[in-house]
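Here it is, the structure in full.
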């Protein structure tokens, strides 16, 4: 028999190292030849799109085109430490550091422009499209290129540092503010259980993910799909088959991750509720996107079969056995 | 050592190879075609997919000497007249790429699929790339990319 | 607020290089005069060892075999320095690095690995974290296997359960899993023009790697340079040190470029895994479905090394309530050593495991109360101003309700149609 | 031993001569989908590798009227794309289609699946239902063995000097149909947990007058399910017959698998596979009758 069921999973996730540990990201912005702007930051691109998102934050803050920016994030001898590409912290923490560095860089440019343009004050000076100009008398303007030609490559810089605010928890009561910000989500799935083979087929899924503000919606959706697939594997397929410390499934022919045919088209919804301490309101979503899916699957399996699986993974064999036990150890079903 | 002749990306080669060399080793170590990746060494992940005489193969499961006399197309051979292939462009445009390690093999599978079936359904696309594992994207934007590539190819883009 | 670039689907900066196959990963780096390295790993989960490399050293093409004797500072680790670069006296898991062979070719290295003699004196191992917590069980490190204990004590738990109309009490278990990023670990080390020992690698945190390499080699951080190539996925699996110190040590000693590429099988054994967790959960609610109390015990198996265990079990402990307000909470979360593969960071970092428990608890309570799963959640979810189990006030950006509503809007989750339907 | 010589065979005669010369030291490689992995894991250690993947005479699917002969070098993709296997031989198409992935099907061959003797090989049960014959060649001449015996009988193996050149079987009649069902752990790249193939013919009243059932992964090797065949023969396919048939099959596999950890699961899962294969067969037969 094939039985259908639906389930929901809801979760929250606290960003960052947390618990009062100094969670520091640094960034540096440098004016280079041809008026190009170098952003130096230790945020690692593991595939999640950190480089692109941080670049967007930088370009937005500097009001310049992406092409005018050189983004350097690979070599420890060139870039400041921006912490690890983990804990879903790059967009929030390092994004903030990039934003601050860009703002400081802009302030520095404005200071210099005031002198160069022989103005009495920095009021009304605006940085846009690679130029600094006086908003109410735009003839007063100087370009990044003119500045670098005069001051030399690498001399005009801005630095930024962001330290996340968390409070260490009391060791006895756990009272404290361990993480910030928190990210939320909910996922609903519909699935079908083959009660004879114990196989679970996902039929439909709706996934709503809070992103604060999506810096790049395509990147967020890509994370959501990827998180869904990884969670699907976690719930249903993946098993290292540990035996006295030995990993028996130590290759891809045994450790089964989902293929394109096992995945479905997920209805992804990005929920935006900007966070005031975040760069343009954006919160990290890299980890949260895998969290609510497995519980939604488990709840849907229960909805379909009346059997609660309390131990992962829900392999066909395990589900069959549970169905049998629920039916008093009987035969087929 | 064994001497073999083969054509890779339109170029003829005559090479001396070790008997126990695989096609992937030949492509990477001998010819420097590094877009072909090794992810598992057992034909499961598809990162080493190339097109051999018109069909996709996992180059980690082909012995180099078996490729004698054959025509091989790798990711490096997709560009023509300085322009990337419509599938490559579509992958860029829809955001089908994350870590990128599966991408070249994935594109080769997509190409072989579209060569055989220029108008596949989403399900057919899923099957066409089912021998290429991806851990980042959940495949959906890759399927979108192949769908967009169908349009690009039709439009002659 | 209107933005020019934020919020737009800007094309990834690395997309072009990746679709054309031009993006380089560590395995794609080839250098002149380059030699290769391979790691000898423990075959047993718990044993004293004695190593003899003399036969292997005689093989033609073997340049040097590194062991613990060659490492100025043999310990490393993200939280505790409980990893050895190469095991000296004892191995604690299958896959522990024992020696690193550098040879002219990979083939030579493989031959040498077979010729290194390791005399194992097997010790009783412990593979079940609950057994490992017993003081009489074999110890993996030091004199206790309990690495970390995290506590939450909020409100009056007894009162909470006393006032509860329904209580759900269950044990949930999650298993150890693997990141399975597509690009197996690889790296190339060399001495750069400025004399710095340079490791080109795919890592999540280059500055941390620099710190560990400098510390192991006992040189200044400025003398070490970590260069990230393209990275073929990570998901937490590239946070601990894998081959970075081996590579740096070899290049530093031999003054030649050294390359290592792990096979998929070695990748499985080399890096951390997701912590398996045993989660005992007792949750109480009143007649209307309002949560009153939760008592939870979480035991996380961190395997042979701590890696991020304290942080992971802390995150698990903080998140076990789910995004729900509960006035009375007791949580005890433990990280425990065993002789299993070591566990560390993986996407969600402890917060991925706990919803397996709390979300099923919610549905179980709902069923007991004759409520639907959405209603019970809506009563309890965090809203702006809610206070978490650790006493933290959620001052802004708390769109749980919006997320649930979006899902319900698009999916008739618990309506008549489709609910528990037999299709054939 | 290390690999000393590799040959890219151009024709069958050349290959059998090489086999005669090297015997056990030689290993045939076709698609390579098993052999290359075995080589790298040192599970095999041949001195000589002989590639047969470019030998045209091994790559044909021949329609000989009453018979079909599939060359040992025919890939799974070739079977899937051949119209011969669209109608009442659909079971073989399906079995080949469920092998691995597109890349594996492009390179992997029916011959390799047989020669490597994998107990979980998806393509074998349908070939057993068809009473296929393995055609072998050596310098000594030509030899045939039945595929069923090849798996069952220790003495009916491919000898070191022999090359499997083709697999032959009699075409089923228009009112006979071959069907197949496989249980894998995911939808692609899935090694078979168990599989069932059925060849069936009904008379005008709907009674079974011919039936062959073969299973994969329900014993040490793929095999005929004779007890089930016997039970079904002469019966009408009513629900109660199918239910009872499942019990017969379960009893038969219990004799072989009892005590194994996988048995309780397979015992129930086989129910679905048997029904699925049967339903597919009936769907075809219904269409033919109309």
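Per-chain numbering from 1; labels A, B, C and D assigned in written order.
Keep this in mind: a contact is a pair of C-beta atoms (placed from the backbone, for glycine too) under 8 Å apart; a residue touches a chain by one contact, two chains touch by 3 or more.
Because the structure is a prediction, the values reported are computed rather than measured.
Participant: Out of A-C and B-D, which chain pair has the most contact pairs?
Facilitator: Here the pair linked by more C-beta pairs in contact is A-C.
Participant: In angstrom, rounded to a whole number, how far apart do the mean CA points of chain A and chain C lie?
Facilitator: Here the centre of chain C sits 17 Å away from the centre of chain A.
Participant: For chain C versus chain D, what separation do you get between their C-alpha means, in angstrom?
Facilitator: About 43 Å separates the centre of chain C from that of chain D.
Participant: Return the distance between the CA-based centres of chain A and chain B, expressed in whole Å.
Facilitator: 30
Participant: Counting only residues that touch at least 2 other chains, which ones in chain A make the list?
Facilitator: Residues 46-47, 49, 218-219, 227, 230, 251-253, 257, 259-261 of chain A each touch two or more of the other chains.
Participant: When you check chain D against every other chain, which residues touch at least two of them?
Facilitator: 101, 187-189
Participant: Could you say which residues in chain C touch two or more other chains, in rising order?
Facilitator: Counting only residues that touch two or more other chains, chain C contributes 9, 11-12, 14, 180, 230-235, 264.
Participant: Among the chains present, which pairs are found to touch?
Facilitator: So the chains that touch one another pair up as A-B, A-C, A-D, B-C, B-D.
Participant: Which residues of chain B touch chain A in the complex?
Facilitator: 39-40, 42, 44-45, 94-95, 98-100, 122, 125-127, 129-143
Participant: Hey, which residues of chain D end up touching chain B in the complex?
Facilitator: 2-6, 8, 29, 31-33, 36-37, 39-40, 49, 51, 53-54, 77, 100-104, 106-107, 187-189
Participant: Write out the stretch or stretches of chain C touching chain B in their complex.
Facilitator: Those in contact with chain B are residues 9, 11-12, 14-25, 27-28, 30, 179-184, 230-235, 263-264.
Participant: Please output the residues of chain C touching chain A within their complex, sorted ascending.
Facilitator: Interface residues on chain C, with respect to chain A: 1, 3-14, 45-46, 93-94, 125, 127, 150-154, 170-178, 180, 196, 203-210, 224-236, 238-239, 264-265, 268-269, 273, 311, 314-315, 317-319, 322-323, 331, 338-341, 345, 347-349, 351-352, 355-356, 358-360, 362-364, 373-374, 377, 381-382, 389-392, 394, 396-400, 402-404, 406-408, 410-411, 413-414, 418-424.
Participant: Taking the touch rule as given, give the residues of chain A at its contact with chain B in the complex, in rising order.
Facilitator: 46-49, 218-219, 221-222, 224-230, 251-253, 257, 259-261, 263, 265-266
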